[in-house]
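The following blocks contain the structures, represented as structure tokens.
Note that chain A is present in both complexes that follow, paired respectively with chain B and with chain C.
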Partner chain A sequence: MNAADLHEQEKRKRQEERFRNKMTKTSARYLRRMEELKGAPDSLAPFLQTLRRVYLEMENPLADQEKPIVGTYCVMAPQELIYAAGAVPVKLCSGSYTAFSIGDDIVPRDACPLVKAVAGFQDMELMPIYRDCSLMAVPITCDCKKKIVELLEKTHDVYPLQVPVSREDEDVDQYVEELYGFMDRLEELTGREITWDHLAKGMNIVGRSRYELSRFLELKKSMPYLMKGTHILAVMNAAAYLPADVWAGYMHELNEELTVKVRERQRAVSRDLPRIMVTGSPLVFPNMKIPLLIEEMGGILAADETCMGERGMSDPAVVVDKSFDGMIRALANQAVRPCSCPTFVNNKERIFRIRQMIEDYRIQGVIYHVLRGCLVYDFEYKLIEEELGRMGIPVIRLESDYNEEDVEQLRIRIEAFIELIKLKEQNNGNVQAGRNEGGM
Partner chain B sequence: MQNIRNNNPQEDEFISSLKNVLKEHSRVRSLRYFINQTRRWYWKLQTGQITDRVVVLGTAVPEELIMAAGVIPFRILGGSRSSCTWSDDLVPRDTDPVSRSVLGFVQQIPAEKDLLYIIPTESDSMRKTAYQLSLEGRKVFPVDIPPIREDKNALDKWTQQMYRMMEVTAEHVHGKITAASLQAAVRMTSRARICLHEFILMAPEYDSFLSPSARLIIQNSYYYAEDPETWTLKLRELMRELRRTAIQMGHSQNRSPRVLLMGSPLYFPNDKIPRLLNDAGLCIFRQEDAADNIQYIIPKIGKDRRNLKKMIRTVAGEWYRKDTSCVYLKNEVMRRRVRALGASGQIEGVVFHVLKGQIGQDFELAFYEELMEKYSLPVFRLETDYQYQDVEQLRIRMEAFSEMLSQNRVERKVV
Partner chain C sequence: MSKAKKRIPAILICIGTAALVYFAGYIPFYTYQEEVLHTTQEQFFSADHLVKLLPFVIIVLLAAACILILLQIREFAAWKRKDDKRYRRLKTKPKGSKVIGQKRSVFMTVRWCCMIVFSLLVMFGGIVLGFHLAGIAFPVLACPTNLDQMVESSCYFLAHIPALFEEYSAGGIILFFVSTIGFAVLLGRVICGFLCPMGLIQDIMDKIRQKSGTEGIRMNEKRHNLLKPVKWLLVFLMLGITFAGGEFCSFCPALATSPVLAGLSVSLYLSGFMMIFVLVSSFFKRRFWCSICPMGLLIGLTHKISPFRIKKDVQSCTECGACYEACPMGVKIIYTEREKSDVTDMNCIMCGECIRKCPEDNALAMTFAGKTLFRASRKQILSGFENRKAQKGGDVQ
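This part shows the complex of A and B:
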């Protein structure tokens, strides 16, 4: 090895060391802030521990599964198929600021931070969760995801899935074909033929986790202050790195604890705080600045309509036809029909879902989160703003990036927004009181 | 040209640009037809006289399949700085200028007009533009271009889209698509494309008679032509005129550094880039972008000319295999073409044009930088939008690039 190579090697080593230090420090800081938020149920611990293992201890929680790991970059790649093939899925979208800063030099300036973080992780090759993937499934939902495929192919086997732009019958048929192609690739990877039994088992594994999630959502609906939104995001983020059955087990524990809390009317917060919903670009750990700011500034994150939150997991596959083809069709339907991702040309589903969530969780204000460069979400802001205006729900658009430079600015805006909601509620209360008095 | 009033900034931008080109080329008589076609397109947009009732946004759809229904689609390509202002309130800040301009143009057409909008969803912006227009109550047909060309079903998916597009078009215009009508459309467009290809190859040799802006108008006018047959004849006439003038005037070949201009497509009146290149003393030897790619798409329907289904498949296949828009995971067709051009030694540098917000183009750039390094060809990334604020900065950079290419020539000679 010559001097130049040695120099390069040492430089890389130093860079890796810096990356590890920076990433673990940032993740530790956010994890600590999440832990310090009061009102966390005891059963939250394993979820936080999972995030700790992935981002602080840099472990792969799936390593003990001794199965091929299939990374996915979107919820539209059905996990059921991956389990059926005898592999285990992991969601690879990340919110790492450190990986983002590395990726910033690799992909174009205007690419979204999520894709920059992906590029950063890929370049550093230090995170076991990425390194250990035998296959990466990339549903093509936006221009950046489309172009990241080539980059990922440099180090991994990649399977892109074409997501239709509409939800008509023909589009679902097309996605069924897409899933069959994905199935072939998975069979090739694991050497196991996906039979009816395997698929049914895969659907059961995922089905159980969805059932536990639906129980959780019901509990949350029955008591809006049951758990803080930041903690819920920790639960949802942990799902990315855990096998569905393990996550379902943890969820079961959590649900049991929350059931008792509901019965005893124990709330996460002692007084009524403004209930805020976040919609838009996903909130992925450790990019927890917005949920933390909401809850540190005196609001509560009562719901999130993002693909890393409820949207990504809440819709179960509905099997009408129990044949093998019927089950694949159910998976395609589940991925395409109810999905409120702005990748679709016509996205009225998102408005319906937001309206429903506002009603279910008694939302008083909406934060529309746009990751810089995430154009598809930004496009829909105007429409959502108009709709919420009609409903009398205040909304603000928060644009942010994967760094902490904008935290103070975000803090001021969130604080003002919370004040606005309080004032609005106060005025509504006064008007109501005035009406009641008038009536008397 | 006198009958056009300069009463709004957009009209001013369009008309003054056309007037400038006309003034610069007073001797090239055959150019008038192309200028008039562009002007007529603008007039139709302004007056809403879109007689054939089918509007196509962008270039990513084979027009012969629409023409088979007996209509000439009205194309909206973008390119206008002032039309962007019409859509400013409708789109996010980071939207690319092409989508902005297209949406701005469409906003000038009353929503209640019975038009069918065919919108290839080649980017996030175009996809959401389709949504925006459908919310306005316009009849929209989004065309989904399968981005994974390696997928064995990709061509089928695309062909199915084309069948659906033709059905919707025929129903909308009450037209009938037959093997004969498609055959005629294919012949007509193929002739025009062959002629366009010939023109694109010869134009750099005659750049003392035809400025890059004029070339842009001619190339774009393919999409604006009301009658492709006449357009082809007129282009042949223009080429003859150029050759004749060159002989009469003892024209010598351009000795400026030859560059390949590629990346985001250029649409008139945004002729900023070709003008700047010209001013910096660079010769656009070749222009490779998704809009000019049409010159290579010549479906061979010989055997299938009586079978409508087969013919549609052939046309769709030819288009899908050769398309060079940024919609694909990898733009292999464009890469092959550029690789061949780099290896041929015909170019001395590459100007890679990225319109702000066209992220797909920016992702592609890395490949070309790596590729051109093999041929020791410098790549100049030029990021801009439709505004003119950055012109002086770009001019300085472009001049420096031009000087560098000239210096490279000297060094090569010395070696």
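This part shows the complex of A and C:
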């Protein structure tokens, strides 16, 4: 009996050791590749350092805040409320291959890799950012998210947020109530009543980070080769693990540096590489194979429409009414209406958003990223493909999983895609005419 | 059957409104033995003027009392229902901090200045500037009870059509219709958003509520649609009640503002109570009166040809709904529209709030004859954060 227990313990210990080794190694490899990618601005360092701290040194960058940590699994859980309660949010959606391989045995085979990775981390209880969470908020955006609630409940307090399925008036009203419920739960957690002033401060903290991001996007629009997309994804991913004010501070430095670069026309790449946009399932560190492949194969990731990237943070909460209720409404409205997540029935607004991004960032080709098992995104591919076809923008669908088995295949397809864009560019006349016709 | 049942409240409200309008003249608020509808410059600057303001002061005080009582009732109801979460929410008020949002835009400053200047003109224009324009009729911008008004008012003769044909010669009648329709077409409901004194008063009430952080009442498109029968009924009553022997001016809340503030001795009937209603309702719901104002509705009929337009770039819109949330008139197509670039609506009062609150560059704009007056921008939405050093550690205490 005792011997068996000891044996189990021993086994677990070895497994933990192996997990730690493998995970830090994979993360280190991807981080190195990101660092080796040329053309990074100097102010990128703190963002990469954050990723290093979380995934390599297995630290919790939020630990020194000395506040309860609230984990969120989607951008629809408003960070403003969490700050208002006197806690600090962290985004827990994960891209770890090692955690995925463990989660593979826990959740059904057809579940998406993101959820498998979450399950893996939850099972190992090794990652400080997961372990230190006092509460986890899970907006129910798909079946997988729904079912991980039970799983997470084994070790953590979990608050599921019911996301409406459409965006009608009643749906927003319902989400307002949902947020009030979440607010009560947060107050219970921190033991602090959320007053008008607390909420206003929470709005301001997140608002500042939105402001810095909007400045950044403005700069990027003015010069498409300003920064490599992989590096931008590092910036956006780092936001998940940093307090919003600290992130905004780093962002401020970055913006200052990039302003100078724009003025002096300093580009991240010397040649005009094909400008590619990624849309679809989220790209979370260390699952950076697609952006890295794009930029290593001679393209540039000029924009991303994914929720761990720019999209998740770019829409500001617009306060129309300055009462307490007005601010909560603004948060509910911002979470539901502009969100182009395919969890909603009738998600036509995503097409318009993609069209606008193609125009803003002068996109030449679109890669539609689908994580295996992410049905809702896969469903929307057809719609997007048709629309982009009309516009004359080439698009490919890339399905991937959280492992490196498909890297060669992805490499070949991305390389061919980039060649295709180059070829199209050479027969330029055609393309230009087609875009003008399809665009307007 | 159930459909008919659903109509019952609407029918009752309509009958009630009709009765109120018809019997408006029998419900006194503040009456004078002898009405004086003239004032001179000397009188205007004398202490007598202040005495004449008494009815308005009473209205404001009563409205304030009503608002305070309603707020108390709302809090009491939450407390009684043991809904202490809601009770706390109603109680929590700004104490020193503020939401960093937008800096004041030039457009909004112009709008407020316009409202203030024109409100003063309606009341005192004749006294200060003379009566050179007396024959021209302007919708809303004058109250006929004030004999010193600068221009002729459209609403009086629209409410008293027989009087128009009795009092005026053919030329006068033509001038009346040409100027009324002319202004309505040229300006459209910009009159409501920029010029109407009632609009100014209502916007001030809303400002007071927002500053105090008091929770208002949100009205979406569906709730606005509930008001539709009342709105149309008021138009027909305004145009027709005179034929049935009624007096619409005794109902009109505007009577309690411009003539009274100008220092005239005007007897107020239901108008006084209506003005209290306007003040109280606009405190809880911005520009509530505008959504049932019969004159506003008539002006709004020109929305298809008026040169002032609300334009939308359907591609850059993200359907975030900020415009819809901001719209005091509950115009929904402004955020759902994905085909037409023109989203000017009959109910739109051109207050520009949707454009000010739109976070997407150029997604919404107001134009005059094709020239852009005001456009949406992300920069403007977040302008409150400009020049604010992004500091570390400036967090919630």
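By our rule, the second predicted complex is superposed on the first by the 427 of 440 C-alpha atoms of A that agree within 3 Å, B and C clash if a C-alpha of one lies under 4 Å from a C-alpha of the other, contacts with A are read in each partner's own complex, and residues count from 1 in each chain.
Quick note on the criterion: a residue touches a chain if its C-beta (ideal position, glycine included) is under 8 Å from a C-beta of that chain, and two chains touch if they have at least 3 such contacts.
Computed from a prediction, not measured in an experiment: that's the story for all the values here.
J.: Let's test your reading of the overlay: on chain A, do chain B and chain C clash or fit side by side?
T.: Verdict on chain A: chain B and chain C fit.
J.: Going by the contact rule set out at the top, does A:A330 touch chain B (first), chain C (second), both, or neither?
T.: second
J.: Touching A:E405, do we find chain B (first), chain C (second), both, or neither?
T.: So A:E405 meets neither chain B nor chain C here.
J.: Touching A:E150 in the superposition: chain B (first), chain C (second), both, neither?
T.: Touch partner of A:E150: chain B, not chain C.
J.: Quick check on the superposed pair: does A:D5 touch chain B, chain C, both, or neither? Answer first, second, both or neither.
T.: neither
J.: In this superposed model, does chain C or chain B come into contact with more residues of chain A?
T.: C
J.: Quick one: is A:I205 in contact with chain B, with chain C, with both, or with neither? Answer first, second, both or neither.
T.: After superposing on A, A:I205 lies in contact with chain C but is clear of chain B.
J.: Rounded to the nearest angstrom, what is the minimum C-alpha distance from chain B to chain C in the superposition?
T.: Distance of closest C-alpha approach: 6 Å.
J.: Would you tell me which residues of chain A are touching chain B in their complex?
T.: On the chain A side, the touching residues are 107-111, 140, 142-144, 146-147, 149-150, 160, 162, 164-166, 170-171, 174, 177, 181, 342-343, 345-347, 370, 373, 375-376, 378-383.
J.: Inside the complex, what are the residues of chain B that reach chain A?
T.: Answer in residue numbers: 90-95, 121, 123-125, 127-128, 130-132, 134-135, 140, 142, 144, 146-148, 151-154, 157, 160, 164, 326-330, 356-357, 359-360, 362-365.
J.: Under the stated contact criterion, what part of chain C meets chain A in this complex?
T.: On the chain C side, the touching residues are 85, 88-89, 92-101, 209-211, 213-216, 218, 220-222, 314-322, 325-326, 335, 338, 353, 357, 359, 378-379, 381-382, 384-386, 388-397.
J.: Quick one: which bits of chain A touch chain C in the complex? Just the residue numbers, please.
T.: The contact residues of chain A facing chain C are 83-84, 86, 167, 169, 172, 180, 184, 193-198, 200-205, 207-208, 210-212, 214, 218, 243, 245-246, 248-249, 251-252, 315-316, 318-327, 329-330, 333-334, 337-338, 340, 348-349, 352-353, 355-356, 359.
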